[in-house]
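Heads up, the next two complexes both have chain A, just with different partners, chain B and then chain C.
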Partner chain A sequence: MAEAQSHHRQKAARLIAGLLMLGAALLAIAMLSLATGARAIPLETVWAALTAYDPNSTEHRIIWDLRLPRTIVGLLVGAALGLSGAVLQGATRNPLADPSILGINAGAALAVVLGVAVLGMTQLSLYVWLAFIGSGVTMLVVYSVASLGREGATPVKLALAGAAITAVLQSIINGILLTSPRTLDEVRFWQVGSLSGRDIDIVLQVAPFLAIGMVLALGSARMLDGLSMGDDVARALGQRIGLSRGLAGLAAVILAGGATAAAGPIAFVGLTVPHVARAITGPGYRWILPYSMLMAPILLLGADVIGRVIAPPGEVQVGIVTAFIGAPFFIALVRRRKLAAL
Partner chain B sequence: MTHVIDAARIAAVRQAAATRRQVVVAGLVAALCVAFALAMYLGDYPVAVPGIIQSLFSPFTGLVDRGVDFIVLQVRLPRAVLAVLSGASFALAGIIFQTLLRNPLASPDIIGIAHGASAAAVFVIIVLGWSGLAVSFGAFAGAVLTALAIYLLAWRNGVTAFRVVLIGIGMAAMLAAVISYLFTRARLNEVQEAMAWLVGSLNASRPGDSIVLGGAMLVLVPLMVALLRGLDAMELGDDTAKSLGARVEFTRLGLMLVAVGFAAFATAAVGPVGFVAFVSGPLARTLLNGAGRGFLQAALVGALVMLVSDLIAQHLLPAVQLPVGVVTGACGAVFLLWLLMASGRSGRVN
Partner chain C sequence: MLRSAAIALALLATSALPAFAQWSYVGGNGETVMLDAVPTRIIASQDAAAGLIPLGIRPVAIYADSAVADAKALQGLDLTGIEIIGQAWGEVDIEKAAALEPDLIVAEFWPLETTWSGGADVVNALSPLAPITGPEQGASILTLIEDYEELAASLGADLAAPSIAADKAAFETALADFKAATAAKPDLTALAVWAGEDALYVAATGGASELMDFASWGLKLIDPEVADDRGYWETLSWENADKYQPDLILVDNRSAQTMETALAQPTWTLMKAAEAGQVTDWPAYWLRNYGAYASELAKLTTAINAADENLAP
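Our next item is the complex of A and B:
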């Protein structure tokens, strides 16, 4: 008994040390993100700009007006995507579940496409609200459809309903894009997913939502652990299945909707980061959630930094770099380790 | 508590399952016949029913009416046949993967094989600037190479379903990024052309497409039927199956190759038409309600979804011919959602 306890404590200590290391790595990447770009700025200058802002210095202005908002968006969006993916995989108990499969990205994309095609909107700051509303409505519809019928929103029904609604929305999107070249031209850049051009207004618009979503998600760890034992066991232990799944779903929608609103649809992060986190921490959402929350922004910001320097003078959008760096790494990891099934 | 097995009751359950399978097949075949008849009948150029029948049998009767024969035999018949063949192929590819990987989401349009075909085709269109048959070849090669890469990467003393699924989604993400990258770097008219191909269409179908796809199916379907025998044992789990003498790895690799064949030939013919591969298996199984694996039924569902979608795509808007891929998503999804809601009564979805 005592031995088991000390083993348990050792594991917890190891995992906390891991979290601290991830936090340090995240800080380092964030500093790098402030320093890197078309104009490289030395780290001392970055530090000076943060601590003693000089409005006459061009470099200081670049950091405050361009790179700081962009870095904050990257941090927020990354954390939100990692968390929402982990929560959705837990709530649906499907390793393939992620915001895009449950219709969130398609809902956001349709709202943006309609905004461009019908209302003629072309400003990024308006896309934020469109995307947010689109993803929220879509997730509501998916959840209500999956809840119909006797046994309520089972994992399989959620996944199938999400895929079905996604297909409907994608059909409409494709129909519009094929008939309106102007919309295709505008949307093809948005739908890659990018952090560039995001200013402090966008941060202020989405930050409150993401904060609420993060609290909800981190608070759902125990419910997700219950659900992971299977609906019958969880129910026998006194858990309210429908409520748990609903709350977890709500957290995922707010997070994924906010992230998509701020940066466009970024598919890879939410899907794969939780698998990496699970490989390190083992089962137990108390650890999977914070690990996902820290690892995802490391991936996203790292990819953004690389995207800024890889093809000068232009940039490669973060959604593309994420997949190009993340996917081989993920595949290698899947090959090397025995990833835990859900 | 006795352990005597009630033979009569088991026989009754088996009989009920067999009846249900037959009823579902009969219903789907009937629906398919109606849709096919509509596909022959509907169109801008009105042809009366006797004219259609005379035209369809003209190769045997020798009665020729050039105008009508052209419409029926050269335009409507090849298109409907291609819809049926490609729909069935997509459906079989989908249900094989969903069965082998034991996940209803694991159809080829989610685990990366359709992405491979799409990325290769978009590369051919945008970077090489080719069109027509070259795009079909590119898509075919892309699908096969991607599937091969997924299988090889997932191989480590054998493959497990979970590893194939995860590596598949990794590949899918990477290939989707390739497509996005090419889209942001190309001229708008090239993007439009690529986009049209990506949606998938029967508008540009050539008679040769049906012959190639049909020929491929003539080889693939018997192979699939032969390999499916090994699947019964595999459903008990890999270890049990091996101890029963089943050649697990052989059966799995064989079935995956067959599924990739179905997906690649169908994609080369009509483009990566979305959702047919995904939806047919779950639809067939919901209809069967546990009375069988539903491969035949899934193929019929796929053909039906494709044919009905193409009818809607052609005739929904009076002036515009939509590509079929715009409609399959909506059409298949409505069908699936209806079943999801209805399944509350029977209490089973899978």
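Our next item is the complex of A and C:
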């Protein structure tokens, strides 16, 4: 008994140390993101810009006006994507669950495309709200469709409903884009997924929602652990299945919708990161969730930094880089070990 | 004996044929189109329509590169009674086109791509209906307009009509004013750009006919280091928006959105000209007639006259 307890304590200590290391790595990558760009700015100038801002210095303005908002968007969006992926995988017990599976990305994209094509909206700040509404409504529809029938919203039905509705939404989006090249022009940049060109206003608009979503998600660890034992066991342990899944789903929608609103649909981060986290921590959402939350922005910002320097004097958008890094990484993960059945 | 007879016959045929043909025109691709009668039912590309309509030649149909409302070249032109048979690049409604029974398709020849306006798909769709011809896009919008005058005259236009003469006179005045303005500011430099959310695109003078016109009329355009193989643009990350420091910035005005995007970028004002508001419209790629050219030149002249020519180092 005592031995088991000390083993438990050792594991906890190791995982806390891991979290601290991830925090340090995140800080380092955030600094790297501030120091790297299409324009070469010496490290001491970066430091000076942060500590003693001079509005007359071009370099200082680039750090403050471009790289700082971009880094903050990367941190927030990354954390939100990682958390929402982990929560969705837990709530649906589906190892391939991610914001795109449940229609959240497609819903956000359709709302933006409709806003541009029908209402003529062209500002990024309006995309935020459109994307948010679209992802929320879509999640509700997916959940309602999945809830039809006697056994309620089971994981399989959720994933099926999500995939079916994503297909419907995607064909509507394609239909609009094919007949309206002007709309395609407007949303093309947003659709790829990018951290640049998002100023601090957009961060401020999305941040409160993401904060609420993060609190909800981190608080759902125990419910997710209960769900992971199967609905019957969870129910036997006195858990209210529908409520648990609803709360987790709400957290995931807020996080993924907010992230998509701010940066456009970014694939693979929400899917890949929770698996890496689970490989380190083992099962148990108390650890998977914070690990995902710290690892995802490391991946996202790292991809963004790479995108900034590989095609000078231009840049490659982060959505393209994560697809390039994420896809083979995910295939390797699937091949290396059988995906944990959740 | 037989051979020389054949040669004589061939010579006779080539010299005699144009005499039978009622209408002929040498297109931008170097090929001559000959028809038995002066064509009246013309399908025109958006740009060809913008060249011909002000000269009094009204096509029966237009195929555009985008929604007609967004087609800058057609703005201000009376399109009533003209059927629109295409509103996206590379697309044309072939059934409508066939039902109109055209005598001639008029487009512009693109020497770099060696095809006509609208691209290969549109050309393949339309060329079975009628011969396709038109002027060549080249080093000057002015010579392109003159090519349209020649084509319109052959199609029966009266170039001495008062409205046409008035447009031309307005252009001559605007051109003289523009030349005077550039001559008065020998140190003034300009940069032509397109602004996106992702990057600032700087145009190469040699990639746009009207920019080559401006340069030949005395405007000193900064030429970017073009990396992409098509030779039209240099892509600058917004972090490098101050790579060039012109005295005057010309922003592509095909869409009003471009200027809004530029103004919304925090580093747009790293260019001193942007900071000082020395920014004006660049009528990018769409000018095809004297009327539009006159008003766009007048806008540029006003901007040049108002600009500080020693802003940039």
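Methods note: the second predicted complex is superposed on the first by the 331 of 342 C-alpha atoms of A that agree within 3 Å, B and C clash if a C-alpha of one lies under 4 Å from a C-alpha of the other, contacts with A are read in each partner's own complex, and residues count from 1 in each chain.
Note that in this section a residue touches a chain if its C-beta (ideal position, glycine included) is under 8 Å from a C-beta of that chain, and two chains touch if they have at least 3 such contacts.
Quantities reported herein were computed from a predicted structural model and do not represent experimental measurements.
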Checklist entry - Which partner, chain B or chain C, touches the larger number of chain A residues? => result B
Item to check | Partner chain in contact with A:317 - chain B first, chain C second, else both or neither | outcome: both
Item to check | First (chain B), second (chain C), both or neither touched by A:222 | outcome: neither
Next on the checklist: According to the stated criteria, A:327 is in contact with first (chain B), second (chain C), both, or neither; which is it?
Outcome noted: first
Item to check | Touched partner set for A:235, first chain B, second chain C, both or neither | outcome: neither
Next on the checklist: According to the stated criteria, A:38 is in contact with first (chain B), second (chain C), both, or neither; which is it?
Outcome noted: second
Next on the checklist: Looking at A:101, would you say it contacts chain B, chain C, both, or neither? Reply first, second, both or neither.
Outcome noted: first
Next on the checklist: According to the stated criteria, A:7 is in contact with first (chain B), second (chain C), both, or neither; which is it?
Outcome noted: neither
Checklist entry - In the superposed arrangement, does A:148 touch chain B (first), chain C (second), both or neither? => result first
Item to check | Set of chain A residues, in rising order, touched by both chain B and chain C | outcome: 181, 185, 189, 317
Checklist entry - Where on chain A is chain C touching in the complex? => result 37-39, 58, 61-62, 65-67, 122, 124, 180-182, 185-186, 189-190, 194, 196-197, 199, 308, 312-315, 317
Checklist outcome for this item: In their shared complex, chain A is touched by residues of chain C numbered 66-67, 70, 88-89, 196-199, 234-240, 242-243, 255, 257, 260, 264-267, 270
Checklist entry - What residues of chain B sit close enough to touch chain A in their complex? => result 103-106, 110, 153-154, 156, 162-163, 165-167, 169-171, 173-174, 176-177, 180-181, 183-184, 188, 191-192, 195-196, 199, 274-275, 278-279, 282, 320, 322-323, 325-330, 332-334, 336-337, 340-345, 347, 349-350
Checklist outcome for this item: The residues of chain A that touch chain B in their complex are 94-97, 101, 145-146, 148-151, 154, 156-157, 159-161, 163-165, 167-168, 170-172, 174-175, 177-179, 181, 184-185, 188-189, 191-192, 267-268, 271-272, 275, 316-317, 319-320, 322-324, 326-328, 330-331, 334-335, 339, 341
